[in-house]
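Heads up: the structure comes next, in structure tokens.
Chain IDs A, B, C, D and E follow the sequence of writing; residue 1 opens each chain.
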């Protein structure tokens, strides 16, 4: 960063004075053979607009890598460009993404399988690093198909260990979510792991202290659409979860619990039997039936709902046994189906969706704003004025009605709006994590209480193992060791974060393996790795490969 | 009369113009000696004696304009930003006016169908809302100084072209142009030897004014988050300030870059305006 | 007036052509973007198939020309396609924000031109005084200050420090309005409108003011003003009846240009004040690569610019008997 | 001529423009009388101060023009002593003007009728709008324009019609003095003749006084009784038109006549006056015409020539006494050419 | 005049300008007939005057003769060659032959050029002589037009010169290429009366000394009397009377000539102009009557005049009139 900064300024100066090229500076050639020089690293950083935090982390990491002798160029990119060129077509060398810690990610299926299995390494796949380790593939395949929890936990621990050594895509830090709410008027919030006050459970537990029973809830941006089969936006899904009931809900500790189902049981490794709760009604007072449940899953499969496609693609068939009983038949054993399939798919009213589908097919279903959304969930849709507010009220006929009367969600567009809204009492709670500076500002607002929740998601670096020098494990390890995770926590997050070492977060106690190698924050170790592998440096401190170097892909 | 007297003669006559020139020269000096003037690397973070990051510190002797939320020196950023501002401003202005002047000359001199086509294009471009277009263009081509300048050029040549064309239309009527034709001068010669020197004062006015447009556009795009990422421009300082929620607390972070933009744009405006009074005889009579 | 309707018809045709060119331009621009809208919504839970599904849903899997044909045929129906983000017609997504922007623009232009015309006339009248110098320097400084910075300052001063006015937005959150009418006609809305309108208005006031002043000074020099004076008319009559009316003409011309510029200012002002308008909408849509919404917003903004141009032209012809519309 | 008969008296008037370079002596010691019903021509080349002088009568001079001495009396009252209210009342009601170019003198955004009526409404409060309409129509007929065209805008009129409309406007309040400032300069001969004719006829009918400013001595010859020849801010010669034009007594008038081509008279070669008008900021001492005058002698270079009056003729020349002889010499081209230094 | 002496000859030249829809109010005529069939010739050391009211097509005629506009119809011969279709190099060569002096010396000299560059430019364009030769030529022509010492003027800008001096520079520029044909368009109307004579005399001398063919445009007939051997009176695009200047002024055949000459004011207070020989106002060349174009203003109009346009008749030798009064 530093050199490119100065260089660009130099170029500017030259332009300005309309001088000739003389100032552009010639590069000094080191005494070592040029062809053995470790190639330049192009580090893509998101622009500050998108996320100032990520930008700063990028600068700090790049600085340390330069200290190691790497030639690092930082390129600031717009998120859309980066996501398309990096996440989709894998043209990157190294870049950073923030992975959110949603409830359905508590089961580490995504972290361990989707993001590291070779099947996902192709274009558009989520194995962004291009990590192609057959031994690891075998391990995680087992993890996915095994239903036994203890066995799965063991497999997850092994997988974490391998990843910690190979570091194809090292996690950097977990944020600590800092959400504020009005404790004078409301009590008993739930700060859920990875979600804070945005969690469904918060809305169930939040209790009014006095007469004000509707919670005004601030957020930075507005929801986009309320069609559960079309949306892909996190904020939309938080709201849809409140309107629609899934059969199973993941509790605040990450364990799936029956919800619209009275119970569920595994008949065999590919069949799950679900008993539907009695007496449930949709917001339009029509009863919830097994037909509705079956139709929901069938429709999602039929129209290829993008968000659910991968979650239910192992689902072969839904059978209706009787009025209250359904059987889910999978094409092969698939452990995450309960939490990811049953746990996310809200029951849709057949009487609303079927006519629409019959009339216009998949397009009519997908290109539909679905307003008002009618579900059976504890909250009922009242109105939505885009960019202004969204109101939900509690559904008293629900089997577990919320204690509050409802909620109004207000998008503020800018974080300072949220903060000032909290301060002025315009809103009672905010699902926007507050920076220390902002917490400082809210000190005087006595009605507010600030609570925290650890994020099981993280900021994660993605090396591209398809490209040199990231194909080499020594280089990856050295680079990762050099990342100043603690410094990042202190400087960028002002302490409101914790360093991340494992692909499965420490806070995710059931799945986390505490015995892995903690790679990071150790410049000495980073140098040691490189020296041991025979890397050399020239007079300017630039790093060179050992002679006749054989690339080593994995640790063992 | 010497050319230089003609060019700068207005300074004596017009205090506002003189003030404008002074401001401009001040910024040029700051830009030239920016590395000497700025006490720190604008990207460097600063720590206090206890080793804590100097987050949002108010102005002090070490940090004349205080620090940012990442402990960077605002003064150094503003000083270094001068270069970007001048670079964007001058380069875009020169390009815009060069293109606009030539198109205006061609349209005005040849008239007829050529003029008609060019003026229709100008009309269409006048229908394009400038900032949204620049925003989309920069978003599409990727943020970067050059793309910002391209966006500015693509749109703003219309102003210069229109004004120059109008001027050419009147100059074309002047008898000395006809006299040159009768002397056997070619179109090219008439355009560039007889007409152009008479519109160049107006072009210079537009260079001064366009400089402001360029700087302002760069700042606006930076503020909307589409600034060139690696350059410490004034607009970006303001953007960071706005984006990091510090604008209500850290006035020292918000005020200086804004003043710098204002002054530099103002200088262009003042110079342009007072030069216009000299260049435009109709105004001079007053 | 036959010529007027003919003129308007002609200008509308011109406007259609301009807008057509504009929308084609924007269509192409977006298709050249390196980022694609689908990757924006990536979620590790989504498979590659799902992404293809989305591409298909957005119509992005078709060849460019086919997309263009669809785009144009949609346009002829007055549609811009389905928003990628919101899953409904782009125009429906823009919805009220069009009116929000229009109101903000109209009010700020009104402020700008009131200040401009009155101020310009006063400065011309007070030529050579200290008031004139101070006025010009003041107005120029505001003109040269970035409008978003001006907004930030006003915001931190009036809304944050002294809490006289709201910190942004268009209505106090949590108020529900029975009708659209009620949304715009209440004191709360007015309070929210003040700061953004004044910010945009002030920064747009300089140009009409300076033009007014210059044109006023020029008109005052005209022979007919001298003759009016020789006729024994009072200063006030000369100023308001003759000088002002004639000096207004160039100001009307400026109005067209200024309206175009004000749109740019409004984008920034809306961002600073979180005004739920099209300007902010276009910024968000561009960032999200939501082509249909961005196209629709840009189209509407362009149409608005051209409409203001047209209004200015008609106004000009109305004020100046010498101009015949054709 | 009795004192009562004098409508306007200008007495040693000095009008200087204040500029950064110094005072421009536009009018420098001019004395003139205009009697009731008299037609006075004021002839001079560009920049001689004739327009400044006329504007001063209506107090229409720009702020940077100062009255440095002398006075003007209208009906015995000093014009500079009039209050703002009085002068406004006097304008148009007492003294009106026909502007130099009617093209620019009519407000383009108002109908011509409205502009004519405006003058009546300003000065004759309480007059009914019907009467105003009638009078406007009458006056339009008088200047030879169809009264229907009162509803037209100035741009719908041709140049000659605009000039006529301007005359109508000047006459509408029946003023005692009309100042016509080059009323025909931009017009073609036929139109010019028509306009001059109109002015003459109307002046006689209304019996007001007229001051006609022009650079064209033939215009004066056709319209005026008296003429004053101005040069560099001073009156060189004054007298009855017939006397001055047929028997000039000042070298400048002689030169002017020599340079004037004639359509009908005997065809003789034209003689121009060498040199160019003097610098009015720092005028040389003595007679201002001396540098261009072929008859200048030593005293002309040092002393201001006194204005000598004789039978109502005023001539400012040191060599007035020898003029009969000089007049003959002046017909000789070589006399003038001797003065040539460079170009003109 | 023998064929050899003819420098410029116009044969039935016409120039029509298209009329834009909005200007076409009452008439159906889609063109403005600025010049509508003129024929005349000018010989060596001869000056033809062209007089008429504004808008009668004087200036258009001059520009046609200088090939600044393409002709709509007709032919112009310059020293025997047809110039109406010249292009490129040939046109440039023609430019050596024909030059013009404009009305307003404040407009016709580029304010950004010094006198030296103004005079050098024609030489430069036609690549005549080297630097020293050019300078010599410039000095020579400056002295010829009465600007001496010539050296003093070389480095001057036009605004540093008086009106008369400027017009002399303009004449010098026209003469420096040694043309055979010189057009002067109201050459003194912008100058003060007292210095007009000098410029007029200079022009006359130059035309005589260099045996030029001169065309002098003026609305002022008394001026033409001093400068031109022959004069033509134009009315709405046609020459209504042409003949030796003195004869034209004295005899006045055409009713329009009569009206025009009688409207001229005289510096003699005893003379009175007459206005009774013309009615109405000048009409536009975009809206011409079908017969004689002077019909609606003529005080001597006859029945025939309404329908049939008159043809020129030679009343005396070299004196042509276009009027039905003399048509038998």
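Please note the rule applied: a residue touches a chain if its C-beta (ideal position, glycine included) is under 8 Å from a C-beta of that chain, and two chains touch if they have at least 3 such contacts.
Since this is a predicted model, take the numbers as computed values, not measurements.
Asks: I'd like to know which chains remain joined to each other by touching when subunit A is not counted.
Replies: So the chains, subunit A excluded, remain one piece.
Asks: Which one of the chains is farthest from subunit D, going by Cα centres?
Replies: Greatest centre separation from subunit D goes to chain A.
Asks: Looking only at C-beta pairs that count as contacts, which pair of chains has more of them, A-B or A-C?
Replies: Higher C-beta contact count between the two pairs: A-C.
Asks: Provide the C-alpha centroid distance between subunit B and subunit E, rounded to the nearest whole angstrom.
Replies: Once rounded, the distance between the two centres reads 50 Å.
Asks: Calculate how many whole Å lie between the centre of subunit A and the centre of subunit E, each centre taken as the average of the chain's C-alpha atoms.
Replies: Spacing between the chain centres: roughly 88 Å.
Asks: Provide the C-alpha centroid distance between subunit C and subunit E, rounded to the nearest whole angstrom.
Replies: Centres of subunit C and subunit E (C-alpha means) sit 55 Å apart.
Asks: Subunit A to subunit D: how many Å between their CA centres?
Replies: Going by mean C-alpha positions, subunit A sits 92 Å from subunit D.
Asks: Do you know which subunit B residues sit against two or more other chains?
Replies: 139, 142, 224-225, 247-248
Asks: Residue numbers in subunit D touching 2 or more other chains?
Replies: Counting only residues that touch two or more other chains, subunit D contributes none.
Asks: Mind pulling the residue numbers of subunit E that touch at least two other chains?
Replies: If we look for residues of subunit E contacting two or more partner chains, we find none.
Asks: Going by the contact rule at the top, pick out the subunit C residues touching subunit D in the complex.
Replies: 222-224, 226-234, 237, 242, 245-246, 249, 319-322
Asks: Mind listing the subunit A positions that touch subunit C in their complex?
Replies: 49, 78-85, 87-88, 99, 104, 110, 114-115, 122-126, 216, 218, 224-225, 227, 230-234, 304, 306-307, 309-311, 313, 340, 363, 366-369, 383, 385-389, 391, 408, 410, 412-414, 416-417, 420-421, 424, 426-427
Asks: Using the touch definition from the top, list the residues of subunit D that touch subunit E in their complex.
Replies: Residue positions touching the partner: 45-46, 158, 160-161, 188-194, 196-197, 215-219, 221-222, 241-242, 245-246, 255-265, 267, 269-274, 276-277, 342-344.
Asks: In the complex, go through subunit B and note every residue touching subunit A.
Replies: 31-32, 34-35, 41, 43, 45, 53, 55-56, 69-71, 80, 83-84, 86-87, 90-91, 139, 142-143, 224-226, 229-231, 236, 239-240, 243-249
Asks: Which stretch or stretches of subunit B touch subunit E in the complex?
Replies: For this pair, the touching residues of subunit B are 1, 174-176, 178-186, 189, 193-194, 197-198.
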